[in-house]
Amino acid sequence: MTITLNGSKTDVADDITLAALMTELALPTRGSAAVVDGEVVPRGLWTGLTLRQGQVVELVTAVQGG
Amino acid sequence: MGDPFVIAGIELESRLILGTGGAPSLHVIEETLRASGTSLCTVAMRRVDAATSGSIIDVIDRTGVRVLPNTAGCRTAREAVQTAALAREALQTDWVKLEVVADERTLLPDPLELLEAAQTLVARGFHVLPYTNDDPVLARRLQQAGCVAVMPLGSPIGTGLGIANPHNIELIVSEAEVPVILDAGIGTASDAALAMELGCAGVLLASAVTRAQDPVAMATAMARAVEAGRLARLAGRIPKRFHAQPSSPTEGMAVL
Amino acid sequence: MGDPFVIAGIELESRLILGTGGAPSLHVIEETLRASGTSLCTVAMRRVDAATSGSIIDVIDRTGVRVLPNTAGCRTAREAVQTAALAREALQTDWVKLEVVADERTLLPDPLELLEAAQTLVARGFHVLPYTNDDPVLARRLQQAGCVAVMPLGSPIGTGLGIANPHNIELIVSEAEVPVILDAGIGTASDAALAMELGCAGVLLASAVTRAQDPVAMATAMARAVEAGRLARLAGRIPKRFHAQPSSPTEGMAVL
Amino acid sequence: MTITLNGSKTDVADDITLAALMTELALPTRGSAAVVDGEVVPRGLWTGLTLRQGQVVELVTAVQGG
Amino acid sequence: MGDPFVIAGIELESRLILGTGGAPSLHVIEETLRASGTSLCTVAMRRVDAATSGSIIDVIDRTGVRVLPNTAGCRTAREAVQTAALAREALQTDWVKLEVVADERTLLPDPLELLEAAQTLVARGFHVLPYTNDDPVLARRLQQAGCVAVMPLGSPIGTGLGIANPHNIELIVSEAEVPVILDAGIGTASDAALAMELGCAGVLLASAVTRAQDPVAMATAMARAVEAGRLARLAGRIPKRFHAQPSSPTEGMAVL
Amino acid sequence: MGDPFVIAGIELESRLILGTGGAPSLHVIEETLRASGTSLCTVAMRRVDAATSGSIIDVIDRTGVRVLPNTAGCRTAREAVQTAALAREALQTDWVKLEVVADERTLLPDPLELLEAAQTLVARGFHVLPYTNDDPVLARRLQQAGCVAVMPLGSPIGTGLGIANPHNIELIVSEAEVPVILDAGIGTASDAALAMELGCAGVLLASAVTRAQDPVAMATAMARAVEAGRLARLAGRIPKRFHAQPSSPTEGMAVL
Amino acid sequence: MTITLNGSKTDVADDITLAALMTELALPTRGSAAVVDGEVVPRGLWTGLTLRQGQVVELVTAVQGG
Amino acid sequence: MTITLNGSKTDVADDITLAALMTELALPTRGSAAVVDGEVVPRGLWTGLTLRQGQVVELVTAVQGG
């Protein structure tokens, strides 16, 4: 299926969970977070949350900053 | 030295807070964190970038410094509140350096959006450290909103112009009930010392260190300067005098 | 730190030189000498006074600090030269802080008498450290006369007005071939840091420490400030900019 | 005999040496110096120098200053 | 001189706006109004007081100066809006100097109440000249709200501290689309000249004239200073240089 | 205005003295002389150059301004004395602006050569107006030597850095028995006004006007600024206060 | 009847108009204005406005000010 | 004959006076002055002073300055 990931249309496995997606992207748990369709997803829900076709996902992480 | 620096009930060893932006490498950041002896440093939240090698968080964890996520780049209260929520999930901290700027040219805070964001975040249980301008009235409003510190600028971010209006900083300090942290505009060590002499409880700086020709040496300089300024504030400086006053005895001159 | 401070071939550990005048007691002087970490301190020469209890020299010897006699109170080259000769016999040192002031109100150096005294003392084998005004031309003349350092004022003795004319200090530093030591006018730590940032090799101060409410704490503050300013000078500060420059990435903002 | 010591007429033993005078005054050798009739007296000459009636002597020592 | 000063479509002869508060008598006010050559002066609205002898309005009408009522003393947008409405009825003018201060100690504007009052008054057809702090962002917001001028402070009302933060005034001027009038803090003539050199379109001051030892002489001084500063701004000053530049020929020296 | 400006018994209408160096043309000089309303202007003495078209003297005579020859370019007392003697023959005036500079880079006066030249010229019946640094002691010595005025710099010639050390200018003024004229460093109108507020009797400037983008407009600006500063000095400015002081009544607020 | 005038209870003639009140107080028309029960009274209504028992009236005028 | 005029060897008429030389150079009297062999020549002596072979003459005039 296709989702919008950080602004780009991206093909991902159907019914992939948020946690699985983050693992796929080798995203460190510590320092990262996710927004799905405008809602910040609590850390505890990452594994349980199954993404759906067309959802808008923002994956962010801590970077050097002011 | 019996002069603890406490924010939101947490005592910090150092009164110097370091921003990590603008450094040439993670390696330099790690060295500056160590050289500065800081207990708290800021990070920004950005989209995952495959290109990024290594993680600032690993560096920070390695140095044992507490992390303070910021909302840099946000222009509205809404964005800032969302970014703070994201940072809380990402870093498991309620602390946030709240930045809501009005434009790219001045990077000055938008007073209305800033105050609104502060009120919302406090209501959601955050410990808010707002980056604000040097207006004593806005600083007061932010304290009334429940911020755990106020962080007035010395001059605009990255300018290195130092403390443009010491009078305002003194006014803010004179009525503050939370720590006042001088944030932005510091260019060199004497600026940091002056901030402390004006009564600030701490100094937050990034570019002055990360963009110096020798960031690590400047980190050490800033650590010393903040200590020097704090000690001088507590030691009670001599008053300024228009006329001279001798420091050697005027009596007992030999006739030669 | 690979940045030795050398005067007349002697390396001094600390770039802070302490005056001992104005302190409430010899005990306080001893504590400030230790707290400051100084390697050199000044004394004045005065008629023996039965009343005096204890000796400043014992204190200085105890702390292992090198002594620098001054000619404070002298108004003419003749008096200053005699006083230096006396000090040499008394303290067995060729070093002298040369002071020839024009009046009691300003305690400003008399340029002509000062230069004449410097020339005479150099001819007699003294190592002369002249207290001078901030005139780059007089500083040049004093170097040409063979002084081992030049010590321009920041502002008049004991005023605590800091560095009134940084531009002159920069001009003096830019052409100096001997160490430039900022002498007089320092009021607080940031003044001392600024002196070093302007390129001075050291700072000499008395009242700022001895007359502070807490002299020992201020001595520590000054030690840190001088280190901070020196490090900052060597580290290469960021340039001053009219407009802001972000310290967090402007790319990669999440859409929230 | 009488000399002028630091500005005051002072009676001292005849033919007293400078060194003896300084000892009498419990003047520490270290940190002190003397001027006799306008001439700084080198440390080495203190013991040998016999003072004479009417001479002007200045005895100075290091004090807190500057 | 082909350099008109226009507010809300009205051309004013003089760029100096005078406050009438603090003067020892109506007679002195009349003399200062004449000496200053001003075209616009402020008044406050207060309860009728039988004690008051003579009327400021008669004086102002006699001198032919336009009146600008202020909302001094108001702490909330509501009070300020009501006061402006009263002033409009009393003086038949749509112009108002909008003041909404946060406290008596600093008399600094409350940014939120000020902006809200400005929006309301503009909606009701007033020509609003807001007394604001020197925050470029608030100045921008006030312009967006439809104010016909922005009047940032140099320093707090009545302090005579001059222009504490010239950098902010320059930032405000650089993006302003309405006249920027430096209001509050002016202490002496050079402060007023500097305000104009920074690019302000005018200067508003009261205490500097009314509380001077010789108010009439100071009124003349301020008139000249504002002209001088404006002319200097337009004339294009020489750049600042670190090193000297001769003003006499270096060629053609006679050999003497 | 009952405030005469007198040098060596001659009353000058204007307190602004103009240097004529650096102007693009004789025509511009003539216009600036007229616009400034000056009563005294300087010229240099140089070898006859066939190339030169027109004469500065014709221009000065035409405007009826008194001429003040300088000794610009001289490095020694001897050269300066000779140049003054030449000028006296050439211009039939005993007045001379005495300049003896130490080097081309700073153009700062050489204190020793300057004082020696002043002493010699006074002995030969000249009325000496020395260009000096801002050292109060040298200023005193020059007065003791019989100079009819002292002309301390604000900052080095042509830099436009304004008055680097107002404290020294105040010290010089506080004990001066001849007119103190601020000479060199003025960049814009507010600098000139400040010089007068510090108590100077006049201002001498060249580059600030002759090298401005619009020299004639700047000449007018400087004339106004000098008047403004003088009037402000005499009018007695308000004291500086840390806290605000209202300029509108705090009583009689209506309840709205 | 009694009104509250500038904060003080004041006796005035029954049915006095605002204009009459202002005349009584020798209040210059130019530079003055009135608030009755919290409403600013337009200049044009002064003559027509009859005050009633207990009303709160604020009469203000222009004074020297900042 | 030859003199050194403002630093350059210059041929002039034998026995020319200083005044004549200045006239030849169209030098305005007002604003000009002369030094001959290091001596400033008083205005009154210009006409009477005859120059001699090899003398060093400096002719100066007022110019824009300082």
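Which chain is which? They are A, B, C, D, E, F, G and H, in the order written, and residues in each are numbered from 1.
Simple rule for what comes next: a contact is a pair of C-beta atoms (placed from the backbone, for glycine too) under 8 Å apart; a residue touches a chain by one contact, two chains touch by 3 or more.
On a predicted model such as this, the values are computed, not experimentally measured, just so you know.
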Remaining chains grouped by touching, subunit D not included: one piece
Least step count from subunit B to subunit G, where 1 means the two chains touch: 2
Pair joined by more contacting C-beta pairs (E-G or E-F): E-F
Mean-CA-position distance for subunit E and subunit C (Å): 46
Chain centre separation (subunit B, subunit E; CA means) in Å: 34
CA centroid of subunit A to CA centroid of subunit E, Å: 55
Cα-centroid distance, subunit C relative to subunit D, in whole angstrom: 32
Where subunit F touches two or more other chains, by residue: 19, 21-22, 44-47, 70, 72, 82, 86, 106, 108, 157, 161, 167, 206, 242, 246-249, 252, 254, 256
For subunit H, residues that touch 2 or more chains besides their own: 6-7, 35, 58, 60, 63-66
Touch list for subunit G against partner subunit E, complex: 6-7, 25, 27-28, 30-35, 40-43, 58-66
In the complex, subunit D residues that touch subunit B: 6-7, 35, 38, 58, 60, 63-66
Subunit E-facing residues of subunit B, complex: 102-103, 106, 108-112, 115, 133-138, 140-141, 155, 161, 164-165, 167-168, 171
Parts of subunit F lying in touch with subunit H, wherever the complex brings them together: 19-23, 26, 29, 42-48, 50, 52, 55-57, 61, 67, 69-70, 72, 82, 85-87, 89-92, 97, 99, 157, 206
Complex interface listing, subunit E residues touching subunit H: 246-249, 252, 254-256
